[in-house]
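These are the structures, in structure tokens.
In the two complexes that follow, subunit A is the common piece, with subunit B as its partner first and subunit C second.
Moving on to the complex of A and B:
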């Protein structure tokens, strides 16, 4: 029993960090631009497939994993920016059109990936190979899980520093609190939005490489992270970065615990129950107050 | 890729383009006339023209289905080079079932009622086979199953109402009851080689694994000293396999027999290999049969095994095997995967040629009037195909019209070859490791054990 608890504690901490990355990007875009980016999962997929194309031993480039990782993150950030500047910025005032357009982008990316890589799943080369056995806990941890945990927390930490300690970053936070207020204090909305999409894309790229390594890299892999992002963001409070981190850990632990105790078929069930409960009891989420409705 | 226009390609490949198209128009015309007359005549057999049409059913967007479709085409080309079937030209019409019962039903109805096919081969997913079988039985079109292996398709149909289902056959692979027996024989072999005693069985929660869940544990434990220490079923949605592998590990399993057919197999394999779990990975992995699985898992599949008819195209199971594989590679080796036929390819190729030989023996392909003659000819036929010898169980056996297993002198099932991914420099290579008579290399254990 203690082994099981420890195992939940360790495995849950690892995966939750990646979930937090997924949700933060999604929530920032909504908080700043009011855009529900349904292509967020597709960005995560782009990260995984960019890494696959760059590092696969069967591919033409076969870069070292670390280099491939950095490039994949850069490519995803770029894709996210292009998505904003090339499409979303023209239609973002109309919520429904944006909603539909981003779904279309997600489906389009899926099709392109099927054409280019085929429908069957691939595995990514781990950024760091090997694993350690935790005898007491009764499970094994791959080094790549540890790396995912550390890198995610570094990214979250940097973002935290950026949005609380620098002027550029604080303008993002300000915009997410009150767009009009931010504009009145001289914040350039366009720059803030572009920057937000770049950051969200980079986070999606990091998450994509790790989700692709730990689970599988396939043309449908965007759905699950998107659903997770939704659940986490609603529970944490839409637009709140702190809320996303807390809710990501809540959902990550809930999933890990239901897998360990009830079995893997129950992975998503508890999260959905919690989601329904939160919607009923606490519709603004745990930290929903940072978003001021205008 | 998903919208490959296979039919057009195949019409063209039968001759030069103009003639092909004209034949096509004539054939379509004839089919339309036949169909419109069908109501009056009470039949829809396509026997009116000089073309013998074969409908192929499979998930052709997957490697398995694509390999099967191409292999059936190779068999058709081979027949046409040798004068066709009873003097008729042979034509392949391939349909994508998408692996879904509803789509399978739709395309099957089209093949039978609009294209007037004279023969159906294929179906990979057991649920698709079960979905179309009543309709096919009703229409009397001979149907040779070449992919799905669940025994219920036979026992719950032929076993209940033989006359109704007598146009349905399975020419390969052997059904999964027999596969389970073969797997138990393989467990004994592993025990003799390595002294492994504790087995874990992890099976997809799907129809095709029923025998492995129900029969295999008892059969393994029939051998002295062997025990099944862990069993579980995995949802086909799962892509997190750590809990299953942890459980097998804490049960002290020496071998995990996993039966997995969906894309998560790559994640399963990587989780096992990267964590170097202290057991061998054996059983059946459908994605693991792909000649491209080495690349898909970045080499993590090293040392894992899977059973597959045709032994991955690496072993001369019969004098026909390598000729078939060579022909496949010459024709499709440079195109999109799979670069070898895969198991359903072997079975689809064999099924087409098997039926052609039976039709020659019966001297008829008119299933509407002469179904009994065709059925008798098939039941009497001893055929050597690319995957092994094919002969069928008779009406009174436990599995009527199902392909018979072949056995060695010791009674071990032998048409159930096991292949393993083995090291080959920096790369991996598929070797046939069991049964020993067909083996191209010895089984190797993971180096971390």
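Moving on to the complex of A and C:
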């Protein structure tokens, strides 16, 4: 029993860090631009498949995993920027159209990936191979899980430093607090938005590679991380980075525990029910503000 | 450019004048219920109606089959539209409603009694759609804007995830494939789908053109004003959701008896909800007949033109399908059929109101 608890504690901590990464990208875009980006899951998928295409031993280019990882993150950040500059920036005034257009983009990416990679799941080469058995806990941890945990926290730490300590980053924070106020103090809204989409894309890329390795890489993999992202974001409060991290751990542990105790078929259901409950009781989430129309 | 338009409208205007007597007859009888038409619009509406009704006599097998499917999807798109298009509360969860009806039919046959007659399963299934509709709408309509859309999205995900969890009743991923189809005769089957669709189209148009439709549109435009006028907006939002779950249930039943079974990917998955929305948006939101046209346009394009004529693979078809939807979303937000309709009005030289 103690062993089971400890292994939930350890495994939950690993996956939750990645979940936090997924949610932060999603919430930043909402906080700054007021856009609910339903293509966020598709960006995560692009990250996973870019990594697959770059490192797969069966493919034409098989780069070392580390190089492939960096490039995949860069490609995803680029895709995210293109999505903003090429589509969302033209339609973001209409929230419904943006909603629909981004989800259609996700479906479109799915089909393109089926054409290019086929419909069946693929296997990613882990960034770092091997595993270690924790005697005390009685569970086995793959090195890639540890790497995912560490890289995620480094990324979150860097972002934290960026938005609180540097001027560029502070302008993102300012915009998410008050768009008009930021503009009056000389913040260029377009630049801030583009930068936010780039960061969110990079985060999605990192998360994509790890989710692709730890869970699955398949053309319908976008839905799960997207669902996770907004479960976490809604529970944590839309637009709040702190809320995302807290809620990511809540959901990460909830999922790990329900897999360990109830079995894998109940993985997502529990968190969805928690989400529905939170939405009804506390629509603005733990650390969120009410949706304001400016 | 404008001179070409003028020249065109002198010709079409004259054409319109000669068709006007026909339209006038219609306007005198029904104009006050569904709005007045000019000559061109009259020919457009009744020409398409005649084409749809007589399709089995001139269409190929593939086309008629595509139109059969399109009829079911037209029901979905119209039902979605009467709730989401009119009130502006965009639901991502409508596939759950049709899925609830379809699953009720299949589970009644599979788990209760294989010999249950349709006279029992069909009303029960439609009732199930209504119950699920109320279950979703009662709590979620307390929320507004994107939060409402999010929770309906979550409703789809919950139902989608619950199906494998209770696979002994629902058949899990593969679903239940033992439902009797209406008929194997493609022509008779066609009318099984077209007739309910036309009835639903007429009923929804009448509702949309009545005061109820006006209130629903007002909710979209300014909900506070509706409340201030002493009308309980929430009641009407719930009414709209219930109203749309009935035809969703009918459509679900038609679809399950068309395919002969249910499975989560064909009935519940998020893609299905987005498809309905795509059809409604492409045709023109908040216009009942627009979504109908959108459904026929998209399904015939995907299942007949791209499949039978162009012979493309399934992912290629979907790629074209979603790209087209995206283009319309960005460049023609009001929808293709609304554009066409106003075009007919303009080229008719304003003959509609002499």
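What to note about this one:
Everything that follows uses one rule, which is that the second predicted complex is superposed on the first by the 288 of 294 C-alpha atoms of A that agree within 3 Å, B and C clash if a C-alpha of one lies under 4 Å from a C-alpha of the other, contacts with A are read in each partner's own complex, and residues count from 1 in each chain.
Here is the rule we use: contacts are C-beta pairs under 8 Å (C-beta built on N, C-alpha and C of every residue); 3 or more make two chains touch, one makes a residue touch a chain.
Everything quoted here is computed from the prediction, not taken from an experiment.
In the overlay built on the shared chain, the residue A:230 is in contact with subunit C alone; subunit B does not reach it. After overlaying the two complexes on the shared chain, residue contacts for A:91 are found with subunit C alone; subunit B is out of touch.
In the superposed model, A:114 makes contact with both subunit B and subunit C. Touch criterion met: A:123 reaches subunit B, while subunit C stays clear of it.
By the touch criterion defined above, A:63 lies against neither subunit B nor subunit C after alignment on the C-alpha atoms of chain A.
Shared-chain residue A:218: touches subunit B; no touch with subunit C. In the superposed model, A:280 lies in contact with subunit C only, and not with subunit B.
Annotation: subunit A residues 114-115, 119, 265 touch subunit B in one complex and subunit C in the other. Of all residues in subunit A, only 36, 87, 90-91, 94-97, 99-101, 103-105, 107-108, 111-112, 114-115, 119, 223, 227, 230-231, 234, 265-266, 268-269, 272-273, 275-276, 279-280, 283, 291 touch subunit C in the complex they form. Those residues of subunit C that touch subunit A in the shared complex are 88, 90, 92, 139, 142-143, 145-147, 149-151, 153-154, 157-158, 161-162, 164-165, 270-271, 274, 277-278, 281, 313, 315-316, 318-319, 322-323, 325-326, 329-330, 333.
Residues 1-2, 61-63, 234-235, 237-240, 242-244, 246, 249-250, 263-264, 266-267, 269-270, 274-277, 287, 290, 295-300, 336-337 of subunit B touch subunit A in their complex.
Listed in rising order, the residues of subunit A touching subunit B in the complex are 7, 11, 56-58, 114-115, 118-126, 129-131, 133, 138-140, 142, 144, 215-216, 218, 259-260, 263-265, 267.
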